[in-house]
C-alpha cells in the first residue's frame, strides 16, 4: 500500500510594497513573501477533501491584510506575526514564512532629501525565515546576492593533483563570490535591525581585511569572527560560490598580462 | 568555542555536449552536471590547508575526461561512474552528482532523417541525482520543467473560509503547473531509459485522464498510479506549483466570459 | 528651444490564454501581446495633458475584450483587428501590435487524445507583428527561439588573420544557433498558417541539408531557398547568433578528442 | 532574383574585468562589450567566401588585447579606440561598439578603505555606444536599469474613456519605472565622467522634485531640464516603462487602504 511522506504547500512570491506616509516624509518597504504550511493535509491528497486546505489565495490576502498594522518594524517581526497567524489553524503543524526585502534609498531634490522619491539600491537582499511550530518559533536572518571581490591577498595552492588536474597553484588571484548568508539567533526577541547591521558590517570588514587561502578558509575566518562579535547568534551558514575570473593570455598578441586583465565567467 | 557544522562544496553547471559520431548518423547528448562533495575538509576551513581539497576545476575536467568512455548510456549510469570516481578519494564521505539532460530531435532533410542536424525540443528536462557514500549508491531519476494544463475536470472547492478568504469555489477551472518529479529506485541496476519512459508516460496519461479536486489531490492520484505501475520505484516526490490562470471579467466591456478568456499570471 | 523627436508608448507583455471550448474537445491559445502607439501625443509631454493618451490599461482591456470574437484564426489576423481598432482613434498615426504564440500539444489519455489536457511544447515561439498606419497595414510573421545544431557539414575557414587572431581554421565544427526569423508578405490576405508551416519547414529542411561555410553563408542559403519556394513572401530577415561549442582538449588527461566532446558556452 | 539587404554581424557579451594595480590601491573596471560590423560582406553570404570576415573570436581577443593600454579612462574613450581599430579594415563601413559598465565600491577594513576589496553596487549600469564610420564617430552615453519611484506628486487623469476603459483617474499614485536613458554629445571630445555625473544628477534631482501628470510628462520635464543644464548634449532619448503598483483592496478584510499597501506587478 502506498504511504504518504512529508508534504508541504504554499504560496510563493507575494509582492508587497508598503508606503508609510508620515507627516514629513514617506518610507518604502519592498518585500517578496513566501508562505509554506506543513501539517495534517492527508485527506486533501487521498480523498480530494479540501476542508482543511487553507487556499494559497487566502495566504496572499493575509499578507496584504496584516501589513498595515504589522509591517512596521523589521521583516523578522512581520514574519513572526504571519507565521503565528497561520499556526493558529489547528491542522497546521509548521508555518514557514520566508521574506526578502529589497532596498530603496531616498533621492536628493534641490532643497534636500525628497520626502517621496526613491531609487532602488540593488546589490543585495535582506532575508528572513520564520518557522513557527508547536514547540516555538525559529527565526533566521540573512543576506543574499551580496557580490564581493578581493583583487589581492587571495591564494589557492597546495590542493591535490591527479591526472585530471590542470589548475595551476596561485598565490595571487581574484576571489569573487555571490554570498548567501543566514544566521540563527539564540533568543526570540532581538533588535533585528541592529543585529543585521552588525553581522553585515563584520562580514564586509573581515572579507576586506583577511588573507584567503581558499573560499573554505574565507568562510571559516568570516564566520568565526561574526560569531565572536555577535553574541546574539547561535549559528551561521554561509554559501560563497566562486565567481571565477580567469587571467587572459595576452602573449599571442604580443602583450603581457601583469595580473590585470580577466575574463569573468558569470554575467553580472 | 566555534564548532563547524556540515559542509559541502563543488562545481555547478558544467556544460557538456557529446556528439556520438556513428558511421551512419550522429547522436547528441546535452548535459549540465553539478558535482558536490562532503567529507573531511575541516582543515581547509580552520587552517587554510588545501591538501585534501579536490579543486572544483579538477571536478570539471573529470566530467569531460570521463565522458568519451562513460557517457554512452543513460545519465544515471554516467552519474554513477562520476560519483564513484570522486568517492575513491578517501577524504570524501559522500559524492553527489546531479545531471540534467536537454533534448534534441533529429531534423528531416529532403531525402529523410538528417544524419547530423538537430533542433532542441524544449518542454522538459530529464534529471538524475546520484549520491555515492560509504554505504552505497542512491540513484534518483526525474523530470523537471514539465508544463502541463487541464482545461476541464479540475475543481477547487470546500476549502476553509476565514475573514481573509475571497477566492470563490469553482467546479471548473484551468489547472496548470510546472511539474518537478523525482523518484528513487529500489535497486541499483535498472533499465534507466525504459523506467524513465514508463514513469513519464504514466504521469502524462493520468494527468490527462483524472478529475482533479486540488493540486494535492492530483499529486496523490498521479503518484499512486506511478508507484502501482512501476514496481522498480520505491519512492516518488512531486512538486506541482499552481500556475494560476484567472478568468477575465468581460462584463465591464459588455462581454461575457464563458470560461474562455484567462490572464496567465506567470510568463511562459 | 527644445524639440521633441519621435515618441511611442504602449503596453508590453499582455498575457492572454484562450480556451476554445468545442463540443468534442478544447483548443488552447497562449499569447503574449504588446501594443505600441505613435502619433500626436505632444501635449501629453509638453503640457501634461492626457486628453489624447489612450491608457495602457485600456490597451490591455481591449486585447482581452476582443479575444472572444476575434482570436479565432492565426495571430496575424487577431493582430490586424487589434491594430485597426487602435488606429481608429484619430490621434494615432501608427498602431503596432506584436504577438507571440506559445505552443501546447494535446496529451494522450488511456482511450485516446484527451479533450482537455495539454503540455507546453517549448522549443520555439511563433511571432507576428502588425503595423497599421494611414497608408495601410504591414504584416510580418516569424519564428523565434528556434535552437538548431549541425554536427557536421559546417566549416569556418579562410577568414583574415591579424595579430589578434588565434581561432584555428576548421573544416568540421558544430554550428548551433538560436534563430530569430521574420518575413513580410506581399499581400495582406494570406493563409497565415499554411505560410508559416511552409516557411518553417523549408528553413529546417535546408538547415539540415546544406553545407555551411559560415553563419552568414547559411543565412543566405536558407533565406534564398525560402524566398524561392514561398512566392507569398517579399522579404525575409534572419538573426542567427552563433552558440559556440568548443572542443575540449583531452590530451592533458591522456585522452583524445575525436571531435566528440564539447563545452557549450551558453546555458540551454 | 534575390537581393541582399542590410546586414551586420559581431560578438556580444564580451566580459572584461580589469584591475588597475596601483601602488597604494587597486581599481576595478567591470565591462560587457558588444562589437558589431557593417560593410562589404556580401561574398561571405552569397559565395561562402570568408576572406573579408573578421572572426568574432578575433573581435573578442581584440577587446582583451587593447584593454591594458586603452581602458584607462571612461568607457566612451575605450569604445572610440575599439571602433576605430575595426574601422581600419577597409571592408568595414561602420563599426559599432556598445559598452556596459557595472559598478563596484571599495569596502572598509578595520583601518580604513581596503586597497583591494570591493562589493558590486548594483542599481544601475553606465552605458556607451560608439559608432565609427567613414564620416566620423558618433558617441552616445547612457544609463540603464535605473529603478526609481515617486510615492506622491504623481497623477494620471484626463485620459480618454471608451467602452474598454476601466482605469480610474487618480490624483495620487505610485509612479515607478526602470529608466533607460541615452544622450548624444555635440562634440567628440568630452569630459565623459563629468558629463555622466551631471546628467545623472540632474535626472535624479528633477525626478525627485517634479510633479508628474503622466510618464510622458515626466520624460519631457526631465529631458528638457537635462538639455538646458548640460550644454554638451545635442539629443536625449528616454525609455521609462511604468512598473505598475496597484492599490490592494483591503475592504473585504475589514481594512482600509489609505494609499499604503500595493501589489507590485513586476519582480524586483
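So that you can tell them apart, the chains are marked A, B, C and D in the order they are listed, and the count of residues begins at 1 in each.
The rule is simple: a residue touches a chain if its C-beta (ideal position, glycine included) is under 8 Å from a C-beta of that chain, and two chains touch if they have at least 3 such contacts.
It should be emphasised that the depicted structure is a prediction, and the values quoted were computed from it without experimental measurement.
Should one ask which of B-C and B-D has more C-beta pairs in contact, the pair is B-C. Centroid to centroid, with C-alpha atoms defining each point, chain B and chain D lie 37 Å apart. A straight line joining the Cα centres of chain A and chain B is 25 Å long.
Inter-chain spacing, taken between the CA centroids of chain B and chain C, is 28 Å. Shared interface positions of chain B, i.e. residues touching 2 or more other chains, are given as 61, 65, 164, 166, 252-253.
Contact topology of the protein chains: fully connected, every pair of chains touching.
Chain contact summary for the complex, chain B toward chain D: residues 163-164, 166, 252-254. Per the touch definition, chain C reaches chain B in the complex via residues 13, 15-21, 26, 28, 30, 32, 61, 64-65, 67-68, 102, 104, 107-110, 114-124, 146-153, 174, 204-205, 207-209, 245, 248, 250, 252-253, 255, 257-265, 267-268.
By the touch criterion given at the top, residues 2, 4-5, 7, 9, 12, 41, 44-58, 61-62, 65, 89, 156-160, 162, 164-167, 212-217, 219-220, 223-224, 227-228, 235, 237, 241-242 of chain C touch chain D in their complex.
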